[in-house]
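The following blocks contain the structures, represented as C-alpha cells.
You will see subunit A twice below: alongside subunit B first, and alongside subunit C after that.
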Partner chain A sequence: MLALESVSAGYGRLAALRDVTLEVRRGELVCLLGANGAGKSTTLKTISGLLAPRSGRVVFDGEAISGLAAPAIVRRGIAHCPEGRRVFPYLTVEENLRIGAWTRRDGVAAELDAVVAHFPILGERRRQAAGTLSGGEQQMLAIGRALMSRPRLLLLDEPSLGLAPAAADATFRIVGDIRDRGTTVLMVEQNAYAALRMADRAYVMETGRITLAGAARDLLRDEHVRRAYLGG
Partner chain B sequence: MEALLQHLLNGLVLGGTYALLGIGLTLIFGLMHVVNFAHGEFYTLGAYLTFAALALLGVPFFLGLALAILGGGLLGAAGERVLLRPLRGESIDTTMLVTIGLWIVLQNGELLVWGGVAKSIPHPFPTAPIVLGPVSVAPLRLFVMAAVLALIAGAHLLIHRTPLGTAMRATFQDHDTAALMGIDTGRIHTLTFALGSSLAAAAGALLGPIFLVYPSMGDLASLKAFSVVILGGLGNFAGAALGGLLLGVAEELGAGYVSSGYRDAVGFVIIILVLLFRPSGLFARAERVG
Partner chain C sequence: MPNLLARGLNAAAWVAALTVPFWLPNPYHLHVLIMAGIFAILALSLNLLLGYTGLLSLGHAAFFGIGAYASALLALRAAWPFAAGFGAAVVLAGASGWLIGRLALRLRGAYFVLVTISFAGVVSLVAVNWMELTNGPLGLPGVPAPALAGLSLATKRAAYYLVLAVAALAYGICRRLVYSRIGRAFVALRENEALAASVGVDGTRYLVLATVISAAMAGAAGSLYAHYTRFVSPEVFLFSYTVTMVIMVVAGGKGTLAGPLVGALLFTALPEALREAVAWQWQILAYGALLILVVFFLPRGIVPALAAWRARR
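Coming up: the complex of A and B.
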C-alpha cells in the first residue's frame, strides 16, 4: 500500500533521513522504533508532504506521491496525527473534528456521529475549547480528527507521549481498534514494548537509517532490540 | 449633556470606520504575521473606486459602494499572490519592506491617476439632519453607522460561524497541522489578505462621501488602524472592534471639549498610555484572530 524507496530528506543542510526504504501493507499495523532524533517523525512528515524528499520516492497505491503538497496527500487517503497531538487549542472540540473532514464534502455529519460514538468524552465536551481538555482527551481528539478524513492509511506520531499510564493504555486500545476495523496504521512510538506487542511488523531506525526490520514478535526477542529499547 | 450625546454619536460614526480599518489590519497581522503598511492605501482605493463609480460611471450609490469593497478585496488578493506569496517563511522585516514599497507605489499611483486636488463623492441622502431628541445626525452618517455595524457583524460571522472561518482560525493557530488537515493554507492567506483589504476599502468608501478624497488620505488611516490594533491587542478581532469605537469616541470628545486641533493628538496620547501600561492591548486575551 505504502512504500518508501531509498528516501533521503533533511532540514537545511542537516540530513535527517538517509536512504530509508520501508513498506506498509494493507491492513497492517507497522511501528517505527528508535531513539530521539533517529528520524522517525521526519519519516512521517516526508510521507504526509510536510517535507519533500531530497531523493528517492514515496509510493502510495502504486503512485508516486513524493513532492505533492500535504493537502493533496490527505485527499489520497493518508491522515497524519502529529506528535504532541497538535489540536487547535482555541477551536471547540467539534470545530477540531470538522476541520479534520476539510477535504470531504459529504458524509461529514455521519462521520462526526461515528467518531463521537467511538469517543463519548468528545461528545460531552463538544462545545469546549480543545485546549481545555486533558492530555488523554486531546489525544483522542487528535486521533478522532485524523479519522474524520476517513483515511485508508493513518500515520500516528508518538500517541502515548506525555500521557499518564492509564491514558496511554486507552490510547493503545484505540489504535488496536482502528486497525481491527480495517484502517492501515503506521505508528511511531517510544514505548517499544507496548508497540511491538500490538504491531504486525516493525522497523528500527538509528541516525536516519533503518537498521533492523522484521515481524514484531521476532523483534521482541531480538537481543539488540531488548538491550537498546526494552530495557534489558 | 446634549453636547456629550452629540459627541458620542459622532464618535461612534468615526470609530466604526476605525474599527473596520483595525479589524482588517489585525486579521492580516494575526494570520500572516505581515505588518501591512499599505493598509491605508486600500482605504484610499475604496474611496477613489467609489468616486469613480458614482461620479464618472454614474452607477447607483449602493452598487458603487459594493464595487469599491469588491475592488479592494480583489487588489488585496492580487497583492498577496504576487508580492507576499513568494516571501512565505521570510522574516517579518522583509515583508514589512515590501508592504512599505506597495504603500509608496499605490499612493503615487493614485496621485498620477487622479491628481492632487481633493474630490468629493456625491451621495443620495438628504443633507438636512434628522433630529433624535437631544441629538441631530445627518442621514448619511446614520447610514454609515448601520453599514459599519453590518460589515463588522458579517466579518465576525464569517470568521466564527463558517467552515472557511474555522479554517482561517485553524491556520492561524497551527499552520503545519492545518495543512495536514488538507487546508490549502496558501489560499487561506490570500483570502484573509483580501478580506482585510476589502474592510479597509469599505471604510474608505463609507467615509469618502462624508469627507474629501485625496491621494494621501490613507496615511492617517494607516496610523489610526495601527492605533486601533495596539489598543485592541495584536490579532484580536473583538479588541479591534472595541478599540476602534473607543478611539473614535475619545477623539470626538477631545475635539469637542479640548480643541478640535487636538483631535488626532488625543488618540495618540491614549496609544502612548496603553503602550506604557498595557503593552499587549486593552483587551488582551490568549486567543488571537477570533
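Coming up: the complex of A and C.
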C-alpha cells in the first residue's frame, strides 16, 4: 500500500533521513521505533507531504506521491496525526473534528456522527473549547480528527506521549480498534514494549537509517532491541 | 437570562445606532460618530488578520489610503459616480492586498510585518512625489460628496447612514466568514500552522485570502473617508492611523466580532471627550494613561473581559 524507496530528506543542510526504504501493507499496523532524533517523525512528515524528500520516492497505491503538497496527499487517503500540540485549543471539539474533513465536502455530518459514536466523550464535550480537554481526551480528539478525512492509511506520531498510563492504554486500545476496522496504521511510538505487542511488524531507526526490520514478535525477542529499547 | 440580556443590549445598540442623528443635538458629535464608523470598518478589517489569522499588518493605512486616493481621483479626474469609485477602491485595495500577501507570505511572522510597513512607506512616497497624479503633499481638495442613484448624501445625517450601512455590511461579512469553514481555517492557521497543514489546509492560500478581504475592507473605509471629508492628502498613509487601528482591535478584543466595534467607538470618542474635559496639555497624557490601564487590567481586551465577567456571574 505504501512504500518508501531510498528516501533521503532533511532540514537545511542537516540530513535527517538517509536512504530509508520501508513498506506498509494493507491492513497492517506497522511501528517505527528509535531514539529521539532518529528520524521517525521526519519519516512521517515526508510521507504526508509536510516535508519534500531530497531523493527517493514515496509510493502510495502504486503511484508516486513524493513532491505532492499535503492537501493532495490527504485527499488520496493518508491522515497524519503529528506529535506535540495535537488540537486547536481555541476551536471547539466539533470545529476540530470538522476541520479534519477539510479536504472533503460531502458526508461530513455522517462522519462526524460516526466519530462521536466511536468516542462518546467527544460528543459530550462537543461545544467546549478543545484546550479545556484532558491530555487523554485531546489525543482522542486528534485521532478522531484524523479519522474525519476517512483515511485508508493513518500516520500516528507518539500517540502516548505525555499521557497518564491509563490514558496511554486507552489510546493504544483505540489504535488497535482502528486497525481491526480495516484502516492501515503506521505509528511512531516511544513505548516500544506496548507498540511491539500490538504491531504486526516494526522498523528500528538509528541516526536517519533503518537498522532493523521484522515481525513485531521477533523484535520483542531480539537481543539488540531488548537492550536498547526495552530496558534489558 | 444572560442570553436575554445580550439580546436586549444588541437591540438597544441597533435602535440607538439607527436613531442617533435625530436626537443628538450637537452636529460635531455626529461627525465624531461618522469617524468612529469609518474606523470601525478599519478595525473590523484589521481584526480579520490580527485577530483571526494572527498576522500583524503594520501597513494597514496603505490599503485605507489606496482606497481613498482611488476613489477621489476617479471622481475628480474621470467624473466617476460615487458607487463606481467605491467599487474601484475596494477592488484596487483588495488587489494590492493580494500582491502584498503573495510577496510577504512566502515567509511568515516578522517578515509579514516588515513587508506591510515598507509597502505603506512606498505608497506614501508615491502619493507625495507623483505630483501629476496626486497633487503631492497639497492633496486633492474638492472630492465630491457621496451620491447614490442621483441622490446627494452631502448632509451629515446622510453620510452617517451611509457609513453605518457599510460598517454593518463589513460586520456581516466578518460574521459570516468567521463562522464558516474558511473562518475555522483562519483560526487553525493562527493556532498551529503545521497542524493545519497536516489536515490539508493550504496555509498560504488562506492567509492570502484573508489579506485580500481585509485590504478590500480597508479600501472601502478609505473611499468613504475621501468622499465624506471631501479631501485626500498623503496624511492618509500616516503610521498613526495604523497604530490607532491596532489599539482599537487590541483594546476592544482581538479575535472577537464585537471587539473592533467597541474599540473603534471608544477610541474615537475618547480623545474628543478628553478635549472637552481636560486642559490641552493633559489630553495626550490622559489618553496614554487610560490606554495603559486598559491593557494592564484587561489584557485580552474589553469584550473578552466582559464575556468572562458575565460567565462568572
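Before moving on, here are some points about what is shown:
We take it that the second predicted complex is superposed on the first by the 231 of 232 C-alpha atoms of A that agree within 3 Å, B and C clash if a C-alpha of one lies under 4 Å from a C-alpha of the other, contacts with A are read in each partner's own complex, and residues count from 1 in each chain.
Convention: a residue touches a chain if its C-beta (ideal position, glycine included) is under 8 Å from a C-beta of that chain, and two chains touch if they have at least 3 such contacts.
Since we're looking at a predicted model, the values are computed, not measured.
After superposition on subunit A, the partners subunit B and subunit C are seen to clash.
By the touch criterion defined above, A:118 lies against neither subunit B nor subunit C after alignment on the C-alpha atoms of chain A. By the touch criterion stated above, A:80 is placed in contact with subunit B and with subunit C alike. Of the two partner chains placed around the shared chain by superposition, subunit B and subunit C are both touched by A:145. Once the two complexes are laid over each other on the shared chain, residue contacts for A:102 go to subunit B and to subunit C alike.
When both complexes are overlaid on chain A, the residue A:54 reaches neither subunit B nor subunit C. Contact with both subunit B and subunit C is seen for A:88 once the two complexes are overlaid on the shared chain.
Contacts of A:226 after superposition: neither subunit B nor subunit C is touched. On subunit A, the patch touched by subunit B and the patch touched by subunit C overlap at residues 48, 50, 69-71, 74-75, 79-80, 82, 86, 88-91, 95, 98-100, 102-103, 145, 149. Residues of subunit A touching subunit B in their complex: 48-50, 69-71, 74-75, 79-80, 82, 86, 88-91, 95, 98-100, 102-103, 145, 149. On the side of subunit C, the complex with subunit A involves touching residues 181, 184-185, 187-188, 191-192, 194-202, 255.
Residues 48, 50, 69-71, 73-75, 79-82, 85-91, 95, 98-100, 102-103, 145-146, 149 of subunit A are the ones that touch subunit C when the two sit in their complex. Taken together, the subunit B residues at the contact with subunit A in this complex read 163, 166-167, 169-170, 173-174, 176-184, 286-287, 290.
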